[in-house]
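Take a look at these structures.
Shared between the two complexes below is chain A, which pairs with chain B and chain C, respectively.
Right after this comes the complex of A and B.
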């Protein structure tokens, strides 16, 4: 007797077609409902929420439905004297939301509306002697922040503001025997952290450090019989890992190692036919986060109705081209 | 301005919450009870033994009230230095005293601990000594009883521990020159305590409590990445990977992983311990016997098979280290690119990499499996594959393991 594999079963009644119009309507409506408890509860990540919403709208060719001016005013209002951005008015500056702010500004070609020098100052001030990055002045260290810092500076064309060799060394010190990366030295491999570390190495042109075959192997083993991907061994599949795992595989040139058709079927099954939007798993509540990563995942898998997505920045490929950011892909 | 009826209700619930904390200072469990509407006139704050419950409808009221007050204060009156600020007009009306800040922030954090700026308000209050380290550790442990994987709560604890154990002014990074080039040694900046403020006994008590909190969080939520990463952080930073402590942890976690055979994070923790212990072939053999038994008693668990990969990798590495005199100390390398042994990942052994990257020594390997570790492993796994029902999950995992080990073998 064995234990059944931790996975979900896709019902025949689950959606099998991409419901683009519904998703556009869902994101548009989501940004309008500002009084609800859920909106207040998620204010601490508003800046990222706006980045998710705008990016998925742009990927679906509907960015014009959002208010550029309103968004840019909001973003501008969240920049602190130190240069960093908070998640919303009243929230403290942090690298996570600074990257989201820079991504939004880049999407709208509006970087010049904020103080860019200050952003660069903020980001580089968070690098530590060992090459790692604090998320903010309180000192939490995580390889996610290494990605945020490097991605931010790359979009602002100012990579030389940090010590690149040390930043790379720190991330490599978080590599495990299985080829994956964790949040800090000694920590377990995790698909989200792998995406951050591989993405950061890609921007810095240092992918030769990655053990691509072994890492690709580990990433492919994230695919479950349902077709969905999990983030770590024995976790349930989740649409957001269609992004973290797939983007990592794309960067290291091993996207074709997974079963594409099964994954597409899984992602499509996570749509809500009534409300629009994607959930983590079939039948769960939808949200903008999973909607972006469902759509972005389908884009990487070659869905023609969606615009091309850049695997490192999770932004439309043409935006990255316009800015002129280069990166290494294996 | 008069308060609305909703506000008055929120204020009443908040004062009930404060009263519960006053009357029961040892509350150690918190939960939100799935009561969507007020059912009677009784208070929505319930204490049973050491557990505190808050009815869902009241949590919403309290959250909106407390969060709103704090944010208004934060964006107008204090701490907030926006580049394009329009504050100060009604700053005077938004003054909140530290005791008020503490009770409002406590309520917010119990309900939504990812609200990072609220934790920051409490950090400032701790720096100004309006709240003690002890109280703050107690509150964050209570938060973890309801939100066992909350990353911001673990981050808050790390900040407190850094402050109390190192006395290091971790806030100040002004002297760091980001462009300075120098020796890129892999030392984590926190590893060496600059000023020890605590006695050894106090430090031990603090660490024991940290281990207890991590275990509690791990038991409440399987595969708890943040809890186990926090535990690793504690061992590296507060115990400097002390070998005795590592061995004690190794013994202690045996029963945890035996009872949580799906918990890869728990097994990864043992991998971390083994990587930092004095490695001998007997300890690795013992771990291999242990995992073999678990694999046969609990078929169909990927976590077990993944742990087995690590053990074989470690055994293989150990065998080759002992045969090789060429040990390279990477910590003294002067160029970043030399950190890892240079290799071409496409043609050379991709496993040719230190056991765990933070260990300072990497060994050049003799690429020979002459004691037959991999060979005998393949024979054992063939038996398992043959004995399992076709297409059972256990058989699929065994086959995946077999593929992995053959790939490993082909690279060595």
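Right after this comes the complex of A and C.
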């Protein structure tokens, strides 16, 4: 009895070169078609969508094709009295979209155009006595929110607004037998969650808690024969994991443990030659989310046509330098 | 955004789809604006429930609408009778079930279900548990459902023992179920805690688990779940925080301490230094001057140490270590030598040696059947390391060569692992107080355990494959550093080496003056060999280098 490996096969006809111009055109067009079905139906995550689009454009050196004023007006319009941001105008404030808003503002060097004090108040008010973070006032707890809170405050240079030791201890209580991290204590390891926890520990200079060799092994075992990475054992490969797994490996100094060339081939095969953009897997529909993570992954892998990406914040390295945020990398 | 296959469509189909979408969008826009309007007016009624249900059943990640529903339910709770409420909440649970059918991975749905269960009167937790069973039958890896299950279990007062049984039944129906193995790793220490090791599991229980994992990987040797679990069972002993080494340098007026595990002085522990019985005041720093958690810590004495004998004691709560600097000596250190072969076994040694030997035998049997199975090879290597790293070195290295052939994707992982093994053995063989450490000609691709070389004065890393020197800031006593024949591009972190006098970088990949800049801070550096680096092909580099490092006596290019 053998379990077949879940994987995909790359066709010879799949794209093998980076189609940068097409991706720029795809993102530009996507943001312009505001009354299209796809766009309307994803309004509940608009703030993150804008962050994905702007970041990938900046990484491709085309941020100037986006409308700074329009974006900043939108972001400002999404801030609530409590200080948090919603995904869109009139949508409820949440840490996920507050981080996206702060990332957009940082990208555009426009943080001063919103009420920063209030953001800090909002973020720190969501910390719980056990160190965890609610995503919003309704009380869902997740280590993703720990990352959002810490990343937000780091970009705003106000880390001391929360109880750092408690925040760290909570995240450590979500560490698992495989060296990875889950959503809450007891939850299974997942690459996205690992990225959040390792990123958060990196910002707070606590990476010594990570069992880097153990976790690095688990992470490099995410690479499948196709070259693509999955997010958990026995799952299909997906371009967004090229980001979460790779960035985590980069943070713990073990990026070279995967086969670079094979992964590059897989990511490139997920491009859509007709429309531009990247899909989760070859032959699927493209979207801005996978386009950002495809491009950011290629950047980490050293693709020279793309600007350097910061592995913790998933933002251009020079933006992080300009703000002067420091982090620990093993 | 996931798993949507792109299908070729005709112009006709596209037009039909466009029309259909336009219709949907109109409905969507009308409904959402109505909803937001009603919410603005604080209308918490049946109509609002119906409108939001329309949108959420197709778009379950629209979190704001779930929030509105929560407000509606809280409002109803104020004004409805018990029976009305019961029906409302029951309907909501059915609605959520329908939503989850369409989108079993929606964070919003699962979270809202938690809210409903916590808010409704007399929630039926047992029914929820059955629901989880049903969902996990459909998808045994849905982590949302597993998390919801843990949420329910806590409230339904299900015992960890019962949950453990559940994972056993899941695993026996399909070994390849990572989620169940994971859950077991959480439950075992709760049910059978090892009184000797916090977080550990009792020996007799461990043996049963080893059997289960063996069963799984004998059935399917390529199933990674059981192997990861097995790796965990082997365990990793948690060290007690202690002072492993104290070193004093008269010349640098400095005390160096190596702890048994990384810690931050001032935050995790306080360390007192006393000189001839008098407590000293001063600052602790780390070799890289980061003041982060570290194994190595440096303490600068404010008063000079005259030529006489001095006794330095470093103390923390529950442990101390002293070291006597003899009359006329430049330095002294205190460290316990460890029985060869045991220094690093803590990384893999929660199990008893009998158990380890049995496991090795079992894996050797499987290896006979499956000589190309990477999981077997890797596990054999780790077991050998745990049992006797020195005795098994030759076999371990042969297995590394094989595993690189059968799993070339992870070549660099295995090479780094090999480097780690070789460095551990070298430290074990050469002893913790060796003045000279020889790590040459070993094809090392990375460095590990550099803290254990903190008192070495000569370190030979020549003829390896190092492209960087992670942790080299720990070489606090090194005077002679031999790095010939590597792939170094810079001298990163060498600025932290206060005693460095003689550095050989012959045959490396240094191509810029910038790469050598850290050496400007090595005030004792007298001799530098950079023959055979790309930099040597640049014009005027000798003059530039002389200017940058004016105190060099010997520069070999």
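Just so we're on the same page, the second predicted complex is superposed on the first by the 327 of 330 C-alpha atoms of A that agree within 3 Å, B and C clash if a C-alpha of one lies under 4 Å from a C-alpha of the other, contacts with A are read in each partner's own complex, and residues count from 1 in each chain.
Just so it is clear, a residue touches a chain if its C-beta (ideal position, glycine included) is under 8 Å from a C-beta of that chain, and two chains touch if they have at least 3 such contacts.
All of these numbers come straight from a predicted model, not from anything done at the bench.
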item	value
Partner chain(s) touched by A:289 [first = chain B, second = chain C, both, neither]	second
Which of chain B and chain C A:62 touches, first, second, both or neither	neither
Contacts of A:279 with chain B and chain C, given as first, second, both or neither	second
First, second, both or neither for A:212, with chain B first and chain C second	first
Touched partner set for A:186, first chain B, second chain C, both or neither	both
Partner chain(s) touched by A:92 [first = chain B, second = chain C, both, neither]	both
Which of chain B and chain C A:175 touches, first, second, both or neither	first
Touching partner for A:113 - first (chain B), second (chain C), both, neither	neither
Contacts of A:128 with chain B and chain C, given as first, second, both or neither	first
Chain B/chain C common contact set on chain A	1-3, 5, 37, 40-41, 43-45, 86-87, 90-92, 94, 138, 140, 176-178, 182-184, 186-190, 208-209, 211, 213, 217, 221, 232-235
Contact footprint of chain B on chain A as seen in their complex	1-6, 37, 40-41, 43-45, 76-82, 86-87, 89-92, 94, 114-115, 118, 124-132, 134-135, 137-140, 160-163, 165-166, 168-170, 172-179, 182-190, 208-214, 217, 221, 232-235
Interface residues, chain B side, partner chain A - complex	60, 63-64, 67-68, 71-72, 74-75, 79-84, 112, 114-117, 120, 123, 155, 158-159, 162, 170-171, 173-174, 176, 178-181, 184-189, 223, 225, 228-229, 232-233, 236, 262-265, 268, 271-272, 275-276, 298-303, 306, 309-310, 313-314, 335-337, 339-340, 345, 350-351, 353, 355-358, 392-394, 400, 404, 407
Complex interface listing, chain C residues touching chain A	1-6, 21-22, 24-25, 28-29, 36, 59, 61-64, 67, 70, 107, 111, 114-115, 141, 143, 146-147, 150, 176, 178-179, 182-183, 185-186, 219-220, 222-225, 228-229, 231-232, 236, 262, 290, 292-294, 408-413, 416-417, 420, 470
Complex contact set, residues of chain A against chain C	1-3, 5, 35, 37, 40-41, 43-45, 86-87, 90-92, 94, 136, 138, 140, 176-178, 182-184, 186-190, 205-206, 208-209, 211, 213, 216-218, 220-221, 223, 225, 232-235, 238, 253-254, 256-259, 262, 272, 279-281, 283-285, 287, 289-290, 328, 330
